[in-house]
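Shared between the two complexes below is chain A, which pairs with chain B and chain C, respectively.
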Partner chain A sequence: MTLDTSVLFQIAGIGIIVAMIHTILKQMGKEEYAQFVSLIGFIIVLLFVLDSISDLFQQIRSVFFLQG
Partner chain B sequence: MELFEVISIGVIASVLFLLIKDKQPTIAFLVVLFTVIYFFLFIMQYVQEILRLIAYLGERANINSVYIKTILQIIGISYITEIGANIVRDAGLKSVAVKIEMVGKVFILILAIPIFQSLIETIINIFPIT
Partner chain C sequence: MIKLLASLFIIGASVLLGNEYANNLVNRPRYIRFFKNALQILEAEIVYSQETIKESLHAVSNQIPEPLATLFQHIADDIQHDQDELYPIWEKHIHVFYRSNPIQVDDKEILLQFGRTLGQHDVIQQQKYIRLAINHLERTLKEADDKHHRYGKMARSVGVLIGIFIVLLLL
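Showing the complex of A and B:
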């Protein structure tokens, strides 16, 4: 197994925390910071997912002789 | 048994998706994306063994390895097209998904050209056209 499930919970946890910070900042009236926080949370999660996407593509390439 | 692992990961992912869908739809989509990729990575190690068996059988049957390789490449293209099209369709972009499938079909056709040519040449050799 190249991956483990803990990444799934990490992604969901980051999502929940970002949603919480977003709500708090919105209540405080800092709309622009709230947007910024959700953008950064998205980028962090995207990095996790991109890692696994590249893993998958590499593995498919090696399994199905698709080099080149 | 690993089937139960897959089923429970799917259920957990759908619960987490429902949890963060309202607040952060983009991160919820990434949860779905990660789950799909996890399943495909999971299945890939078993597919590898099956393909090794197919290659072995072709080798024992003295089939030209180019044909077996082309068939496996076509299967790989259809796999990865399916993954990409389904992910894009989950995000709601149906037209882009249809285009991805179209590109996959065209690439499969391009891979099949050498086999088709050799088939035509064999037929012409058997029945020479005067």
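Showing the complex of A and C:
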């Protein structure tokens, strides 16, 4: 199974940037926005890996002969 | 190659937006200070020199920096002899000024409120209204200064970071 590695780097980059925005907003006393930005970052990354996760579940089902 | 160029454009645009926002934060207290000075000069002209409003506004426009000088100049120029109300002129020019300059709704409301009283009362009452407007401006000035200190640097760095973020998302 070959995973496209570029998506990993992209996710790493998004993580770093979101962490920086979070730190800056928190420093300036905008805690609620900081939380919000983290949540948005998490959701975006989740959308990126959605296909891979669904693949994973399919694999697990096929391993245990649950595929219909 | 074209990807790189597009990324640079996106980052550049968001940096510009961040800078613009930060500049607004820097300029708002400056403009409020100018307005305060202008009202003080106006008070001196009305109370001590006892000039007409047209002449007072001309005097104010000669003593304060741009772009307020042109604002007061325009208002003074628009006053004609056969007119009986100053407020429509004042309102029109303040609206135009508000649209192209970094003052906020609060500041505009104070100025409009003041415009409603201008030329309606005797000298002593007028002086009280000018003092009141200056006090209100003092309050918004404090708030604007506070905002500038708190969010001035943040706006710039968040602008850059959001640009990089968008590029990463589209990559």
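Throughout what follows, the second predicted complex is superposed on the first by the 54 of 68 C-alpha atoms of A that agree within 3 Å, B and C clash if a C-alpha of one lies under 4 Å from a C-alpha of the other, contacts with A are read in each partner's own complex, and residues count from 1 in each chain.
By definition in this document, a residue touches a chain if its C-beta (ideal position, glycine included) is under 8 Å from a C-beta of that chain, and two chains touch if they have at least 3 such contacts.
Just so you know, these numbers come straight off a predicted model, no measurement behind them.
J.: Of the partners chain B and chain C, which touch A:L8 in the superposed model: first, second, both, neither?
T.: The first partner, chain B, only.
J.: Just to be sure I read the superposition right, which of the two partners does A:D55 touch: chain B = first, chain C = second, or both, or neither?
T.: first
J.: When the two structures are overlaid on chain A, which partner does A:I24 contact: first (chain B), second (chain C), both, or neither?
T.: After superposing on A, A:I24 lies in contact with chain C but is clear of chain B.
J.: Quick one: chain B or chain C, who's touching more of chain A?
T.: Counted on chain A, the partner with more touching residues turns out to be B.
J.: For chain A, which residues belong to both interfaces, chain B and chain C?
T.: Dual-contact residues (chain A): 14, 18.
J.: Under the definition above, what is the set of chain A residues touching chain C in their complex?
T.: 6, 10, 13-14, 17-18, 20-21, 24-25, 27-29, 44
J.: Residues of chain B touching chain A in their complex?
T.: Contacts found on chain B: 9, 12-13, 16, 19-20, 23-24, 26-28, 30-31, 33-35, 37-38, 40-42, 44, 47-48, 51, 69, 72-73, 75-77, 79-80, 83.
J.: Using the touch definition from the top, list the residues of chain A that touch chain B in their complex.
T.: Per the stated touch rule, the residues are 1-3, 5, 7-9, 11-12, 14-16, 18-19, 22-23, 38, 41-42, 45-46, 48-49, 52-53, 55-57, 59-61, 63-66.
J.: So in the complex, the part of chain C that touches chain A is made up of which residues?
T.: It is residues 150-151, 154, 157-158, 161-162, 164-165, 168-169, 171 of chain C that touch chain A.
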